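Okay, so chain A shows up in both of these, paired with chain B first and chain C after.
The block that comes next holds the complex of A and B.
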């Protein structure tokens, strides 16, 4: 129940924030934060909850972006259909690839998913007829739903926020269902999960497909907002940054994922006086966090809450 | 219910972990498999629950072969189990861990569960009610909201039993359920296990604590070096020459 209260407060803040935001640049940051939120939530469900690592998320992110771009620019389909395809195609591909690949565990799965990301990146670069190679695709039409076109930063702020909050809400709900409990049990013990009748091979592939679909959704939002896609947005760097953002935010928590996503977006802005020091700051945060508080920023919130509760208990 | 273990053989490299193991039992009853460390007891359990495919022989439930099937398929045949080293989800609450056992009974897919449409909600509530009864039976009810990782070992073993019971098994396999428990805890556990057959649940126990099983089981099978060396009532097994040799070593004469 209390999670819902926090979420409602955040939604209220999100709705009212444009009254305080003056520059388009700040809207831009929030839009990218919501896009990153969808990406990191997908990774959190896959890695944090189901225990399956992926270093290939950028590949699915890219497929989503290129689906949205190619279908609208090259074949003239409406942007909404591009968005739908950007979810379905990576999800289906994720399932088909996930079924055999997710038999691997730990380091091996990390390597194979990284390789998958490299293959997809190479396809974005080399399949010039479709993807435009390094020059990418320009002139991607903005997302239009009915008469509403998300071209201005403010409209896109609301649209990406609505999608981001919806994904957050559904993810919070998911981890509390039988499906979510099965994921969490599988993460800690595949043997226990299977003895309880949970078909782990299928479950892994489904969660992989889910996170691929969410990455694709994020990719479409990105492409349709920026209006331009090129392969450099979908390198292994992107995949690693998503994983690091999740680690700093908190691996086993959806709120931690949200922290991580916002940090990933805002940190480069905050430290841009230091130019390329962004990597230094994020890297240092990962090192410090994983050694001192493996539950990430969310773990610190939990500690503060517990300390506060203890103080309440002693003074009462 | 009848379980037939028929000529089971399992090979790890050059070593037969189980060889020519055959015995059967009918339920509802309590049966025990005992033997020294490394006798192949856990291997036999892993064959019975689908984690190991046997090199020879088969296991039949009501005459139908269950060995060689995937563990989740075996679970669907109403066979539940616990683990020698407990396998629980530490950060999840005690109640949620037990609910995982009821997984098969909660219908619906990812979408119907998240959106709470179709029969998912009702199935979840029914499972929750059953789980609460099981939590009371196993005296875990007061701890139900605690993260499972904070429980002491005695409670964790009960938690695994509770989770297996939530799947509504016909046969419950307990792997060293009493190990690591103090005498009061293991007496309580024995009393609880004794109530299961009256609810139509057969129990197959693995133990190396012989005292624990002798007063609990009606049939005892003894493994040594992967082979069945004796099977019978506790009294018969206690007086069996081969069993005495396996446990105490050969008398020098």
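The block that comes next holds the complex of A and C.
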């Protein structure tokens, strides 16, 4: 079974699922799952494929959400323009910041991106005139394309799903191109990449900008669906959870990222009797998973597939 | 700015800086033995403070005993982390190990939230009494404890790594694990010891600072970031650099509070970290060369 077949099957399931879904709550969960999917895919391209860790994704997620909120609520621009700005501004900022910051590697990069995320969070809190401080911004208009307004859960389910699947499809294509191979070469060895003529400094900044833009897109979808933004959605905890979800799903695989995104969305639902306890479950999953299988859930799928293939070979 | 204000700034900066230095030294202990950055280092500090507060407040232990219990327990948690997770990882890079510690940090933090709730915990300073006034500046008695014990621990660690056999074995493990093993060093036990010491050191930092700042379950990551900044400002892998970096960071923070809104304190300190690393990626004093830990998983 090829990747594209799996993806087509999933798209079919996504299109038909509303026949089985009865409550708005379930639609909400899937909408947030698609938003998380975009976030984790961005992180997967950056960390899993290009090898550049980031603990600051929530900052760009927040910029996207605030762009969508501020432009529509404060200046009255149409929501579509807010969405476009929510992609372009974080991407541009990501490139400008990424160029110098991505000279750092490993832990230094992890900590510096975490610091960036904290600084951006401080800006969301302290720049009260624009962001509304802790009380945030309310009354953000829903995304409207032509005559279609994505306020109802079902409409947004299809819209966010369409965006999510598009990003997944493009990401799967990207990692198979020469560009994607350059990313992976850089992950394995920067020196090897440079000696092949890959401009690593530019490539890193471009992938960082790409993941920042995707985070911004997710932020805009979130803000325009929920209708409200406040700083508490964009803390360092959000960034940490995204990284942990990716680790459980599988660093270095886009399908692993998808596992992680859905886990991150549904886990709090499954353990919601315990309120905040899902941190315990997520943390424990990371520890157990990485101790046993550093490739995450996706690694387990690969192992099962190999075992299955061996079995087929011996019985044939 | 009057001279009293400048003196006050120095006192505050050195007090906070000692804590950052202690957190940084905790990072260094594990990093020196394993090349791993322990993201749960800040949680060790918070746990030390909260355990002491509970031992004093709820269990009614005398302070000295509560402090010992807290430090021993956090050290034991360090041992447990290595025993249950880190030492069992067979495949995967140093980054995998660092991610595991990030997961552990979330576990400790969530447990603390569920156990003691979101409110800050507190216990009385080690020695009661009014603060000392020096030339118009205020010096809390607890600050003397923080700086005093901080400096003592730093000196002890410096000698531990340069003069004791165990300390040098730890360094050998980080420089080349296989070679260290071939020289007859028990790598597993050395790493375990580094986790215990690092936990105890973090716990001690929490015990020292809690009477001044209170302990809340979610302070861990920011503390870890500051401790890391202390190491990074000085350059990784050397004890002295964490101390210089910690004091520098503490002073910068104190200075920023004097001129800017206090909500920007963390951002100013972290901006300094970013700028310093941009200019000198290996730290101001020049650290050990980056090697294995530079690669992704």
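Keep this in mind: the second predicted complex is superposed on the first by the 315 of 316 C-alpha atoms of A that agree within 3 Å, B and C clash if a C-alpha of one lies under 4 Å from a C-alpha of the other, contacts with A are read in each partner's own complex, and residues count from 1 in each chain.
Note that a residue touches a chain if its C-beta (ideal position, glycine included) is under 8 Å from a C-beta of that chain, and two chains touch if they have at least 3 such contacts.
These figures come from a predicted structure and were not determined experimentally.
In the superposed model, A:184 makes contact with chain B only, not with chain C. When both complexes are overlaid on chain A, the residue A:114 reaches chain C alone and has no touch with chain B. Comparing chain B with chain C, the partner in contact with more residues of chain A is C.
In the superposition on chain A, contact of A:75 is made with neither chain B nor chain C.
In the superposition on chain A, A:104 contacts chain C only, with no contact to chain B. Applying the stated contact rule after C-alpha superposition, one finds that A:206 touches chain B and leaves chain C untouched.
Legend: residue contacts after superposition of the two complexes on their common chain; A:196 is shown touching chain B, with no touch to chain C. In the superposed pair of complexes, A:276 makes contact with chain C only, with no contact to chain B.
Residue contacts after overlaying the shared chain place A:252 against chain B and chain C alike.
With both structures placed on the common chain, the touch criterion links A:23 to neither chain B nor chain C. Chain A residues 187, 252 lie at the interface with chain B in one structure and with chain C in the other. Residues 49-51, 70-72, 75-76, 80-81, 83, 87-92, 96-97, 99-104, 106, 108-110, 113-114, 116, 120, 124, 127, 163-164, 167 of chain B are the ones touching chain A in the complex. Listing the residues of chain A that touch chain B in their complex gives 170, 173-174, 177-179, 181-182, 184-185, 187-189, 191-200, 206, 210, 252. If you check the complex, the residues on chain A that touch chain C are 47-48, 51-53, 100-101, 103-108, 110-112, 114-116, 118-119, 122-123, 125-126, 187, 236, 240-241, 243-244, 247, 251-252, 274, 276-280, 282-287, 290-291, 294.
Chain C contributes residues 37, 84-85, 88-89, 91-96, 98-100, 102-107, 109-111, 113-114, 221-222, 225, 228-229, 232, 261, 263-264, 266-267, 270-271, 273-274, 277-278, 281, 290, 293-297 to its touches with chain A in the complex.
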